[in-house]
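Next come two complexes, and both contain subunit A; in the first it sits with subunit B, in the second with subunit C.
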Partner chain A sequence: MNPRKRSLVSHVLALPSALWMLGALVIPTLFIVWVSFWTTRTFSLESPLGLLNYTKFFNRPTYVKLLADTVQQSLLLMAITVVLGYAIAYFVVMKVRQPALQLGLFLALVIPFWTSVLIRTIAWIPFLGVTGVINQALLFLRVVDEPVSVFLYSRTGITLAQVSFYTLLATGPVVYTLRNIPPSLPEAARSLKATPLRVFWRITVPLTLPGILIGQILVFLNVMADFATASAIGGNKHAFLGNIVILLYDSGQLPFASVIAVLLMLCMLGGVAALLKVVDIRRLGVP
Partner chain B sequence: MIRWQTRQKVVKGALGGVTLLFLAYQWFPMLTMAVLSFTGPNGGTTFPMQDVSLHWYRELLRVQMVDDFKPPMLRSLLLALACSVTTAALSLAAAQAMRARFRGNGAFFYLILLGVMAPGLLVGFGVAVVARILGLPLAWYTTTFAVHIVWTLPFGFLTMLAAFNRFDRRLEEAALTLRANRWTTFWRITFPLVLPGVIGAGLFGFTLSYDEFARSFFSTGSEMTLPLVIFAQFDRQLQPTLYAIGTATTVISLTTVAVFAILFRLVRLRTRAAVSAETQ
Partner chain C sequence: MADHDLELKRVTKRFGSFVAVRDLSLAVEHGQFVCLLGPSGCGKTTTLRVIAGLEDADEGEVWISGVRMNDVPPWKRDIAMMFQDFALFPHMTVRKQVGFGLEMLGRPKEEIRRRVGETLATFEISPLAERKPDTLSGGQKQRVALARALITQPRILLLDEPIGSLDFSLREAVMLELKDVQRRLGVTFIWVTHDQNEALALGDRVVVMNHARIEQVGTPEAIFERPLTRFVASFIQGNNVFEGVVESVEGDCVRIRTPVGSFAVPPRDGGPPPPGANVSFSVRAALLTERPGPEQANRLPATCHAVEYLGSIRRYDLRLEDRRSIKYEQFGAQAARIREGEVVTLGWQVEDGILHAPPEGAG
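The block that comes next holds the complex of A and B.
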């Protein structure tokens, strides 16, 4: 087959997927951006576009604080999962020698990923309440004298649940990069009398940096967009930007909901760009 | 030297402890939910359990006007099946296209990967906004289906790219030298060899869609899928029925994964045996 005909076939094969992504993702996103500039609540072609909704957002400290809260929660989760996720990945790949045990640990870690996050969120509720499992355990161990109510309807509870959902996202890519390290590299360093700690910081960490980075991007994106955990565990007391989009949409404030959606997406884009800037992926792997 | 070895052991023990604690942390809520779903008719949503019974599962099966989980469950299963087939077909075509490095393949690659990065709630929100402006109705089999594919396609696509990566091009070339045309070569040689990848893509299509909540939130009309009904019920009142439906749907998810995994292994063993028999 000549190259031109071959290229035509490829384009035809790629077309359905491309159209699907354009129609269900790219065009709707452009619509959100357009709606965010509407100056009237309902749509008419004559209504002028403007920054009215954006100024409204930044003039209200409540909304700006929500934005800050959302970003802060993402940073907190990144800080926790980068350490926890790495420790788990390092143990499973580098410290477990028996293949059967390694496989078992992998499965135990990955199986919850194949179940519904919503169900897993609901499963946290019997743990967090005043009569919940955590409180019963604390009372039994006599850590506290009476039940504490800091878990349910609180940021602590949301964080507890989110750590259990998202740590795996930080672990997975690190597992992948750890497995790709040729054993001869740390061996060479050790034969040159490098201490284990030095081998870890000078060889292992730099070589797994792309994995750490991809994991952190995944955690960041997921926590930024998470609204279900906040609404199920935080009750009405805690909200992130996603929850506000729902609230405004339900009350018919389409343009203002769109503003928040646009700002949320901009934060996510900015965050990913910043993470990629911290570590230049293309230069990694070059000694 | 002895001190070095003890230090290694301490590190290993500490890391192992962290891993085991995390596993307990991850599994304990799910197992607790499963145990509590078997509480008696007077049981509450936390310990202590009042009796052991199948009361809340029977409650699920009983026909009710409100809180009937059966139609949403059927919708979710049908939607997941549709997503499974569509994801497998689209990713097979898209990955096959990528092999020829056509013009614009870089942009195409990122366009599809965008589906993983885009925040689920906002993808659904965008489709809802479009539908509202254009006056189109929302439904689980149109708009929800469309946004679920946006989520499942990148996973299927990456799976297929990996399948083609491991693929031995010489087998195709051999068929072509033996004067098979492109079409025959694809269906007789290429497709059977990448079939495990197709099954993997189908698995992603099914489970990711079946459990999807965020993308369905705005994009589904009045006929809700299972996660939406569960969330609505949870918003009204937490009852042991939710533990029962949660346990049941988790069992369905994991059974599907197991079935696909077995299928995957069988097909891979068969193609391997066939290829080695042919080449000998």
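The block that comes next holds the complex of A and C.
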């Protein structure tokens, strides 16, 4: 089969998924962008277009602060999960030698994710409350004299829950890239006078950079889009951009909800583009 | 003892219940080229890794340059290692790669730059300096790996099947080059291989291993001409091995009864075995003749099965009465002496037979 013919066949084979992507993703996204320029408050296909909603967003410090809060929360989660996720991946792949134990630990990480995100979020509430598990443990250990309320309905609580949800996303790709490092590479480095710490920073980390990066993209996107954790654990007191989209949608303000959705998407695109500048992920799996 | 670059004293290494190296002792003098030769799984690579410190010995001691190394980590040992897959760092250019060892030793930048430049020139890889490993050919990778290992001027270089992954056509040239480098720099080489041609061609000393033990240590000539054990005789090509029972001992001659006849063999150093003992002996295929005269007291009939012409030698595969195979070699330059299907009488002189030591642990 000549290359031209093969490429024709591959195009035909790609057609169904391309059509699906077009109908389910591209067109709705373009629709949201279009709606964001509507100048009428409610749903109307005849609405004149303009920047009214965008100026409204940027003229209100509350909204701009929400945007900053959302980005800040993503950066915080990235900072925590990159360390935690890497440590877990390194431990499971490099330190646990028995394959059975390795598999067991990995399952223990993954199994909680077989339940829905909603259940997992709600499951945190008994932990975080004033009479919750964390407070009881602190009381028992005499770290505090009376229950503290910093966990539930607080940014700390949201962060705790999000760390538990998203660390796995930062772990998985690192596990994959760590497994792909031939054992002879760190050994060669050791025989070339590198201490274990230097082997880690000069050999292991650079070779797992694509995995770190993919994990961080996943964490970034998920935290940016997360509204469920904030509403369940943050109560009414804390919100990120995602929550505002829901709020505005519920109250029928489609154009303004679209503005926020568009800004959210732009932030995500910008973030992913910036991360991809760091490493060429097409080299993933080629140590 | 200070003369020894390396000394292994009764080293044992286990992986679970599997014994990879058993009670192994070996002393290597400075500047020697030592080849560890044996089939896969014989423990030669594990021995190398114990020397490097990549594995800890369960029992016994490892001494390098007169210092006990058991608890010294690999990065503090005066060794370098070359891996079969070369283990080049995929994210570093050749220049960075070769300078890695000096960088880890904390040498000044200026010195690293200068010495890397010199080393790249020495190994004729200067044009590759800015390339990454995945753009290099097998032979180029091999040179980079060697340059990277030798730049820190280690006392001992450990090489794990260093040319095993190269194309066959490249091997001979690389072998000679490595031997030349070793001679020029005076570095002690410990070279692991399963290829007897490599070991015999390169080694000052060859250590033949099997089943976690050393079978024989000696010069290539000694290994080739006087195999100490049945294993060495059968592992090294060109030996015919016979098994039998000692019939009698008459002066300078042990008579051994085998399924294909009774043969006379000179006793080993250290005295003849007692009558009735199970023994083995070997005779080199090149020392047989198909026209035995009065000198060739040992004789047996055989039928020619196949003839292999290998250029420098012509090898005959003959079958004995009990269908077992026996090899006979003559110079390739001479005209063929036996045709396929021909029945001949092979013979050899008594002193060409080599009686083997009994297997260790069987005594």
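What we mean here is this: the second predicted complex is superposed on the first by the 260 of 287 C-alpha atoms of A that agree within 3 Å, B and C clash if a C-alpha of one lies under 4 Å from a C-alpha of the other, contacts with A are read in each partner's own complex, and residues count from 1 in each chain.
The criterion applied here is as follows: a contact is a pair of C-beta atoms (placed from the backbone, for glycine too) under 8 Å apart; a residue touches a chain by one contact, two chains touch by 3 or more.
Predicted, not measured: the structure shown is a model, and the values here were computed from it.
Who wins on subunit A residues touched, subunit B or subunit C?
B
Report for A:207: first if it touches subunit B alone, second if subunit C alone, otherwise both or neither.
Touch status of A:207: second partner only.
Determine, under the contact definition given at the top, whether A:193 touches first (subunit B), second (subunit C), both, or neither.
Second partner only, subunit C.
After superposition on the shared chain, which partner residues are touched by A:87: those of subunit B (first), subunit C (second), both, or neither?
first
Once the shared chain is lined up, is A:264 touching subunit B (first), subunit C (second), both, or neither of them?
Once the two structures are laid over each other on A, A:264 reaches subunit B alone.
Tell me which partner A:100 touches in the superposition: subunit B (first), subunit C (second), both or neither.
It touches nothing on subunit B or subunit C.
Touching A:182 in the superposition: subunit B (first), subunit C (second), both, neither?
second
On subunit A, which stretch or stretches are contacted by subunit B in one complex as well as by subunit C in the other?
The overlap between the subunit B and subunit C interfaces on subunit A is empty, containing no residue.
Residues of subunit C touching subunit A in their complex?
Residues of subunit C touching subunit A: 52-54, 73-76, 79-81, 83-85, 87, 89-91, 100-101, 104-105, 134, 148-149, 152, 158.
Per the contact definition, I'd like the list of subunit A residues that touch subunit B in the complex.
Going by the criterion above, the answer is residues 1, 6-7, 9-11, 13-14, 16-18, 20-29, 31-32, 35, 43, 84, 87-88, 90-92, 95, 105, 108-109, 111-112, 114-120, 122-127, 129, 131-133, 136, 163-164, 167-168, 196, 221, 224-225, 227-228, 232, 242, 245-246, 249, 254, 257-258, 261, 264-265, 268, 272.
Using the touch rule from the top, collect the residues of subunit A that touch subunit C in their complex.
Answer in residue numbers: 182, 184-185, 187-195, 198, 202-203, 206-207, 286-287.
For subunit B, which residues count as touching subunit A in their complex?
Its residues touching subunit A are 4, 7-8, 11-12, 15-16, 18-19, 22-23, 25-30, 32-33, 36, 45-47, 90-91, 93-94, 96-100, 102-103, 105, 108, 111-112, 114-115, 117-123, 125-130, 132-133, 146-147, 149-150, 153, 157, 182, 207, 210-211, 213-214, 217-218, 227, 230-231, 234, 238, 242-243, 246, 249-250, 253-254, 257.
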